[in-house]
Every structure is written in structure tokens, then in C-alpha cells.
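Order of writing sets the labels: A, B, C, D, E and F. Residues in every chain begin at 1.
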Amino acid sequence: MPLVELHVLEGYNPEEKQKLGTALTNAVRFVVPAAPELVTVLIHDIPADNYYRGGEQRIPAPARADPVEIVKDYLTAMEDRDLEKARAMLGGGFTMTFPGTAPMHSLEELIEWSKPRYKFVTKTYEGFDAMQGSGAAAIVYCRGTLQGEYHDRRRFGGIRFIDRFEITDGKITKQEVWNDMAEVKTNA
Amino acid sequence: MPLVELHVLEGYNPEEKQKLGTALTNAVRFVVPAAPELVTVLIHDIPADNYYRGGEQRIPAPARADPVEIVKDYLTAMEDRDLEKARAMLGGGFTMTFPGTAPMHSLEELIEWSKPRYKFVTKTYEGFDAMQGSGAAAIVYCRGTLQGEYHDRRRFGGIRFIDRFEITDGKITKQEVWNDMAEVKTNA
Amino acid sequence: MPLVELHVLEGYNPEEKQKLGTALTNAVRFVVPAAPELVTVLIHDIPADNYYRGGEQRIPAPARADPVEIVKDYLTAMEDRDLEKARAMLGGGFTMTFPGTAPMHSLEELIEWSKPRYKFVTKTYEGFDAMQGSGAAAIVYCRGTLQGEYHDRRRFGGIRFIDRFEITDGKITKQEVWNDMAEVKTNA
Amino acid sequence: MPLVELHVLEGYNPEEKQKLGTALTNAVRFVVPAAPELVTVLIHDIPADNYYRGGEQRIPAPARADPVEIVKDYLTAMEDRDLEKARAMLGGGFTMTFPGTAPMHSLEELIEWSKPRYKFVTKTYEGFDAMQGSGAAAIVYCRGTLQGEYHDRRRFGGIRFIDRFEITDGKITKQEVWNDMAEVKTNA
Amino acid sequence: MPLVELHVLEGYNPEEKQKLGTALTNAVRFVVPAAPELVTVLIHDIPADNYYRGGEQRIPAPARADPVEIVKDYLTAMEDRDLEKARAMLGGGFTMTFPGTAPMHSLEELIEWSKPRYKFVTKTYEGFDAMQGSGAAAIVYCRGTLQGEYHDRRRFGGIRFIDRFEITDGKITKQEVWNDMAEVKTNA
Amino acid sequence: MPLVELHVLEGYNPEEKQKLGTALTNAVRFVVPAAPELVTVLIHDIPADNYYRGGEQRIPAPARADPVEIVKDYLTAMEDRDLEKARAMLGGGFTMTFPGTAPMHSLEELIEWSKPRYKFVTKTYEGFDAMQGSGAAAIVYCRGTLQGEYHDRRRFGGIRFIDRFEITDGKITKQEVWNDMAEVKTNA
């Protein structure tokens, strides 16, 4: 106790069920202070033949792509400057906000903005937090440290950053970025 | 469909059940791309007399305090410089990291750090994201903008920030802060 | 076995639950040839606080008026020539078809049609069959015998009839009538 | 919501489950005015190994033959004057009542009765209504129009009819017929 | 896991539910080697209005009297030589078998049999084991030691005994007794 | 009604499920005086992929060996004087008590004790009663009659006995024996 029973149309794979098991367990624990090992989740797979809504059978929808994986793929594509791949991952109405910028709407704007700031930058990840919001978007946080090289060939590293993403229907629709780059430069 | 049934010991109030309803709905939607209005949550309250684990009755635990409310109360106490109240909300092993700082362990360190930076600062909230992590801690994100006054009486405002909190057993055990203050100062 | 569990929002009264118990039992028996005493129905009343669809509470709808009672009230009003009461029970697009008539749309047409046929007529009921159709309408059959008086003062009786009604949102939208009146007259 | 869960012994085929899905949905809607697309039916197939009554396994009974199909087959056999086939479909204690007749007990009586009335008759179906009654019998209504030829070679058509059948253990045990034939003849 | 859900008609009291909780937990553990604290029992009380078998409501039966209590009361009455009370607790067809006796049918026979053996005897209980058999009878084992006095005024004590009882419909229908009295006497 | 639903990890075979069906039925009947054929048990096999405790999958434990079979095998081994086999069935802390003995700890002690008493003895079984106790041990009662041969070549038979066993983790940890042997000898 507490016990969660989930009835879903048959068709989700073990990895997707594990994600459901984890998400439902944590959803309960958000309110009920039960030790995790006392929270049980049972999934009941319902064959399509055995489920009727309004007297009609329904087709199970394939599981959502994991929003954390989407974010990781996008960040890798950006580090690799594979703009074509990254662009294909953006949804309609995409905006991104970086320290000191107004919302930008294309990756080209970002490239322009970053050009004077550093020659290149890569990310070391410390952790991801992900959740479905009450609206359409899933929210993914990614935090860690930046390292790279300024145009004067000085190296930098260990600069804290955090990104917040919104993913809607498998596409990134919003990216917000905070980091300590200016702080570090100021104090350098 | 999908349908979630939650069996819990009787004793949660309507507000707590609403939070369970929302959290369980979003947990399912994190994996299953169902329209929200097709995700159903049923809560079955089980009287203590009707629940046995190992053949023994169990006492329901009171619901966790809402971690978002804990964070809001803490941030208000800090804005009000009510250090006593804020300190009472911190858990063992508390650390906080601000732009350019190493992890600090007491509010006094923070006050020292901030003294040369600004006379005062207040927060305008844009949004909160909260979730139970797989470990003991709940995670709360708070984002928005800062406004306040520097020591030279200049006012500032609209500076983006984001805070990440970990709350364990109702106490804040970790605070991490990112903001654009240095970026803004640099460009000022 | 078979076992039916019905989860509904709390608020239905014992009489309405008995009707659900009967209707669900017979729905199963329509396909599964179980002895009635082996068909079990459990109703789980879900308090509004314990039910969420799309993360939101929902208000239970009051039970439908019993369509058989609607039909009985209407037939009584017609026997009593209480046209005002009967007319108030008709829904939009109402049609009625009697032996040898095209579909009529008002009670006045019926009165005109029946005038030359008999002075008055009353009904003795033998049985009602009622069911929800797959569309919006509930269907009620009423059968029995007619008795009354012709204009030449001859009495008649024992004439078989059957009426088929459609009831939509508590209003009668269709009435179809068959009976042996012409047959009896022909043979008289 | 409402949600119906049906637990039955494994062994029903998709078509039989669809009939259960429809019948249970309509049983709920007979009392609860929910939009059809909000009525959910889940069927849980229970393997024989997983079901015990009185501590003993039970054998699932094959589904009932569809009573509407039984009625259609019977009516076709009668139109074809295939009395042998039709007779095989009748159950013990069978009675049939036609306009102006007392209850008849054999198809031969019906043939005798109809001989002077018409040379042949066929049916055009407008609709069927079927339900399990609370007793042993399923009830099937069939309505539509008759066409055929009188002995004087005049054709007739468009004559409204309705039949009510009772089907017990897969056999027809009662047939009642109403139609406008006399009405039409009288007015012809 | 394992999880047992019991649906019963409302009306059992907390003590009776505790007995159900214990009995169901042990029933599962008889086959499944789960640690007791991982066996969960949920009892769902079903109000009479919410339960239909064959479309009809059913009245909950009062819980059985605890067969262990029945046995204790009977043994106390026998120790007190309250034969009237003890006799009232016996069911039809009662038999009792003591060491070296054929089945006896009345308490008087037992008194006769015991007269030459000892002046009086009392029991010290070590433990009871009780279970419902697959037939009508519950089975209760009672074991411990006997003490008392022989006719020659010698005291005895610590003599092992075990009784097996069958209780049907709240009445004792069978008693079988084994003990070491003869063994002890032989060796004395 | 009553209805028991058992959710267990998939993997138990039909024989083990039958034992669960019987044990759960009798557990309910121990308290609720329902006719056996009205007690229903449904077993829901949960695939390992569909069960999470603390967000983690769990491995189903193999069913316990049937404690009645263990007792039968042990008693057969003892009759056959196959001490090696019998000894392998004993658990740590094993004790056994026979009429007039203090608790013994090894089969050798028993052999010594029985030597002067009879040349050999075999058992005819009348019945077994078995149940899981609330502690770790399952309890098995075995009763019937003894037959065999004394050292003076006299045969004996029909001597009532009862054994009580405790079985923990598949091993016999306690055996207690009562019988009428001394009674019979005394009276012989």
C-alpha cells in the first residue's frame, strides 16, 4: 500500500512499462510519504478485443518517444554543429532564450549570438529531471557544466549551466538556458 | 483508457486527492500519448479495518506537505530577511550553490556573499515545476525574474533566474541558483 | 461468474442501482448462457473527490427518467384526452404512425384520424420491453389489448395491439402502433 | 466513467466480445445519461485454471447463438416454405399468434390460416431490436413491410408489420405478429 | 505482492475482518513463500444496494461464531461439569472418541468412562490450530497438558493431550482425544 | 459472493493454483458462512514486466513444496527405516516428542526409544489437516491407526495415533506424536 493498478491497451514494451512503473510510483510518493518498496504498481494489459469505449474498439497509440532522449540527441547535434539534424527536432513556434537574449526563433540566431562569445563549447551532464506537464508539453531539465575555448584560445571549464526544454508531440518547442559564463568571465 | 486505480488508506483530503489525480494523470501521459480527457483516475479509500499487510492493520501516514508551498514559504522568508524562519525550513546536510560560489552550508554565508552585490532583491515568479525524484527527495524548480537595487541606488529588474530545490521529509536539503545578473551587469 | 463490476460516480439511488443491476445482468446473459443466479453485479460508488478525468473532477449526471414510466404516463394522458400533458412529453421531430396512416406530427392529427373510428379506446397492458438503443434513443415496447366503443355504441375488446416508442433525452420522439382493429372489424 | 469491468471465463471470440461490449454499454446508458464515448467496458478473460467456485474449476459455456440470427434464419425458411428447417428451430411449447388468430401450435396451422389470405408474402426488414429478458427467454423484435400477391393476382406491398419472438436455449418458443394487412384491404 | 482483494457484503465487524485478513494471508502463504509483510489483503465492503446476483439483492449472512471460542467454551463447561451447557453445544450426529474407547454419542457415556479413571481433570492449553475444512466442518485442534487427581488422591500433571474437534453450523459434531495418561500410569 | 481476487506474479502451475483456490475459499468460509459454491476465487497472473514494487521489477518465488507431501515422504522414509533420507528432511532445531518422552533432537534417539517397544510399526492414514500458521511454519496434522509387531511376536493394529508437524522453509522442524499404544497395552 499504496497500490496503483494501470489498465492500458496491450502493446507497450518492457522498457515503456518500466517508465510507467517509475512514473506512477513517484506520482504517488509526491503526495503519500510511503517508503518506495511499499508502493506497488500493477499493469493490466488489455487486448484490443477486450476494450470498448462507446461500444467501439480503440487502437492503442504507440508510446511517446522518451523526452530525455530527445533532449540528449538535440544537445549532441548542437555540439556537433549538425544544424540540419537539430532543426528537424524543433516544433512549430519554437523559441529559445539564452542569458541576456530575447527569445530567438531559429538556430541561426543562436549561432550568430554565440559567435563572439566562444569558439566552441561542450557539456558535461550532471543530471536530468523530466516530467509531463498538465498541458501538452513534457518538461525536461538538464544541468551540468560547460567547457570549451574562447576566441583568445583560453580554455574554460566547470561553468554551471541548466537548460529547460518543453517537448510537445515529440518536438522541442521551447528551450531556456541559464549559466554562470558571465559571472565567471567577470571574476576572471 | 488508460485507467488508473489507486488504493490508499482512507484519510487523504480532497486537496491531496486532487494532487494525486493530477500527478497520476501526468505520470501516465509521460509515456502514453492519450488526450488528457481520456485518462481516468479512480481513488479507492481503504478504511484501516479493511487493509492488512502481513495480517496486520497499518496506520495511514499523513500526506506530505506540498513541496511547492515549502519553497514559496522559504523564498518569502528570505525576501523578508526572516532568517530564523528560513533556517527552520532547512534539513540536515543542506547546501546551496549560487552563481560563482562553491556550495555554502548556512544562510549566513549567503548573506555575506550577497552583501557586496545588491542592497535587496525580490522575485517575480513565472512558473514552478515539481516532481518526486526516484530517491528520497522531491524536486522543485522555480523560475522568473529578479528585481531590486544595487548599492549605488540603481534599480534593476527583469533579470531571469531559476532555482532548483530538493526537499526531503519536508525540509529543504539543497538549493541551486542560476541567473543572468552577471550577464546583465557586464552588458550594462 | 460471470462477474460485472460497475464503477460510477456516487449519487444513484437504490431503485436506480436495481435497474442497473438488472440491465447489466441481462446484458451479460444476452451472450453468455449462465444461469441468472451465477451472474454477479458489483457497483462501486465513486465519490466525486475520488474520480478524475483529465486530472479534473466531474459532476455525476442525474439518472435518466425510466423510459417505461414515461410511456405509461403518456398513454394514460392520451386515454384521459389530456392533450396538454401528453404534448409536453413529446420531443422535437416527433412522429407517430398508426395502422394505415402516414407519419403524423401532432396529436391533433391523431385525434382527427381516430374520430371516425371509435368513440373511445382504453388499453389493457400485457407487458413492456425496454432497452437502450445504440443511438441516443431508448426503445420501449408496450403490448396488450384494446377495448372501447364504436360510434354505433357497439363495444369492442380484446383487440391485440403493440406500440413501439423511442425516447430521447426524456422525451418521446417516435411512436409506432400496430393492432388488429381492422382485422376484427373485417371479420365482425 | 462509467466503467464496466466484466470477468468471464476465457473462450469468447472477438465477435462475441463485441456483442458483450455493446450490450453492457447500452445497459449502463439505459440508466446513466453518459455520452456513449465516455462509457468504457473492459473484459477480463479468466483462464479456467485461474477461476474457482466452491474451490472447483468450472468449464466455460459456449456463447449463446445470436437470437437475431436465429430469427432471420427462421423468417427466411418460412419465406422459402422450408417447413422442415423452420420446424427444427422451434422449442417445446411453441405458440404463434397472428392477426385475428388464437395461439397456434404448429406451422401447419399457420399455413392453413394463411392459404385463403394470400398466395405468397415476403418481408422487407426495417430494423431489429433484441434483448435478454429477465426470464429465460431472449426477446427479438423484427419490423418492416410485407409485399406479395393475393389469390386474384393483385400485388400488394408496403404493408407495415412487426413480429415479437421469444428465444429460449436457442429455440423459438413464441412468435406474435401484428400487421396492417386487414387495414389495407379494408381501405383498398 | 501477492495481493488479495476480498469483496463481501457490508456488515462484518473489525474483529471479523481481522480474522479474514489473517486467514487470507495464511492461505496465500500456504503456497506462495512470500514474507508475511509483503502479503496484502484489501477488503471491499459492498453495500447490499450495490450487489446483485441473478439481478437480485442478497442479504449478508452474519459471520460464523469463532470455532476456537466454541471449543474453549465447551471445554470450560466440561471442566465445570456443566453438562447442560456442554450438551447444548453439540450438533446432530455428535461422536466422541477417547483413548481406548469406541465412538461415544453422549456426554453421559463419557462421564461413565472417565469415572474409574480419575476424580477430576483440568487442562492447561499450549496452543490451538483452527481451519475451515473443504466440507461443512471447521476443524479445531487444542493441545496442552492435563492435571488432576486420581481416586487414590494422588495428583497428576503435565500429561500431554491433543483434541481434534469438528464444528458444523456452530455446533460441535465430532471430538477426538489423544493423551499420554496410560503411558504415564504405566511408567509410574 | 464473497469474491476473492488474488494478484500474483505469473509462474504458478495449475496444481499450485488449485491449492490457492482451495485455501482462499476455505479462508473465507472460516468466517463467512457462505455455501462453498458461492465463494469465487479469481487469480490474476501478473507478468514480471507488469509488476513494480518501489519502481523495480521483482522475481516470482517458486511455490512452496506441499507440506503434506513432505510429511508423507518423511513418514514413508521412517517406516522404511531410511534414516538418511528422513534426516535430510529435518530442519535446524528439529525436536520430536513421543508419548512419555522429553523432546528428542535426533532420529537416533527415537530409534533407541522405540527399540524396546515394538519390532516394527506401520501407519494407516485416516486424514491430513494442513494450514499455514501465522509464524514461519506450516502445520500438518496426520491421523490414523498403527499396526505392527511387538518383540514377543504378537501383532497389534488399529491403534489410534495423531502426529503434528511444523514445516519451515520446506524442512520439518517439529514433530509431536500422540497414540493409544500404552492404553491398548494396559487393557490387553
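One rule holds in what follows: a contact is a pair of C-beta atoms (placed from the backbone, for glycine too) under 8 Å apart; a residue touches a chain by one contact, two chains touch by 3 or more.
If you want to know which protein each chain is, UniProt gives these names: A, B, C, D, E, F = Tautomerase.
Remember, it's a predicted structure, so these values are computed and weren't measured experimentally.
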item: Farthest chain relative to subunit D (centres taken as mean CA coordinates); value: B
item: Chain copies touching (subunit A, subunit D) - same or different residues, decided at half shared; value: different
item: Chain centre separation (subunit C, subunit F; CA means) in Å; value: 63
item: Centre-of-Cα separation between subunit D and subunit C, whole angstrom; value: 19
item: Geometric centre distance via CA averages, subunit C-subunit A, whole Å; value: 56
item: For subunit D, residues contacting two or more additional chains; value: 1, 3, 7, 22, 24, 26, 36, 40, 42, 44, 46, 51, 53, 55, 134
item: Interchain contacts, given as pairs of chains that touch; value: A-B, A-D, A-E, A-F, B-C, B-D, B-E, C-D, C-E, C-F, D-F, E-F
item: Touching residues on subunit E, where the partner in the complex is subunit B; value: 14, 17-18, 21-22, 24-26, 35-45
item: Subunit A contact footprint on subunit F (complex, rising order); value: 7, 44, 46, 49-57
item: Residue ranges of subunit E in contact with subunit F within the complex; value: 1-9, 12, 16, 19-20, 22-34, 36, 46, 51, 53, 58, 61-64, 67, 97, 99-100, 129-134, 138-139, 141, 143, 160-162, 164, 169, 176, 178-187
item: Contact footprint of subunit D on subunit B as seen in their complex; value: 1, 3, 40, 42
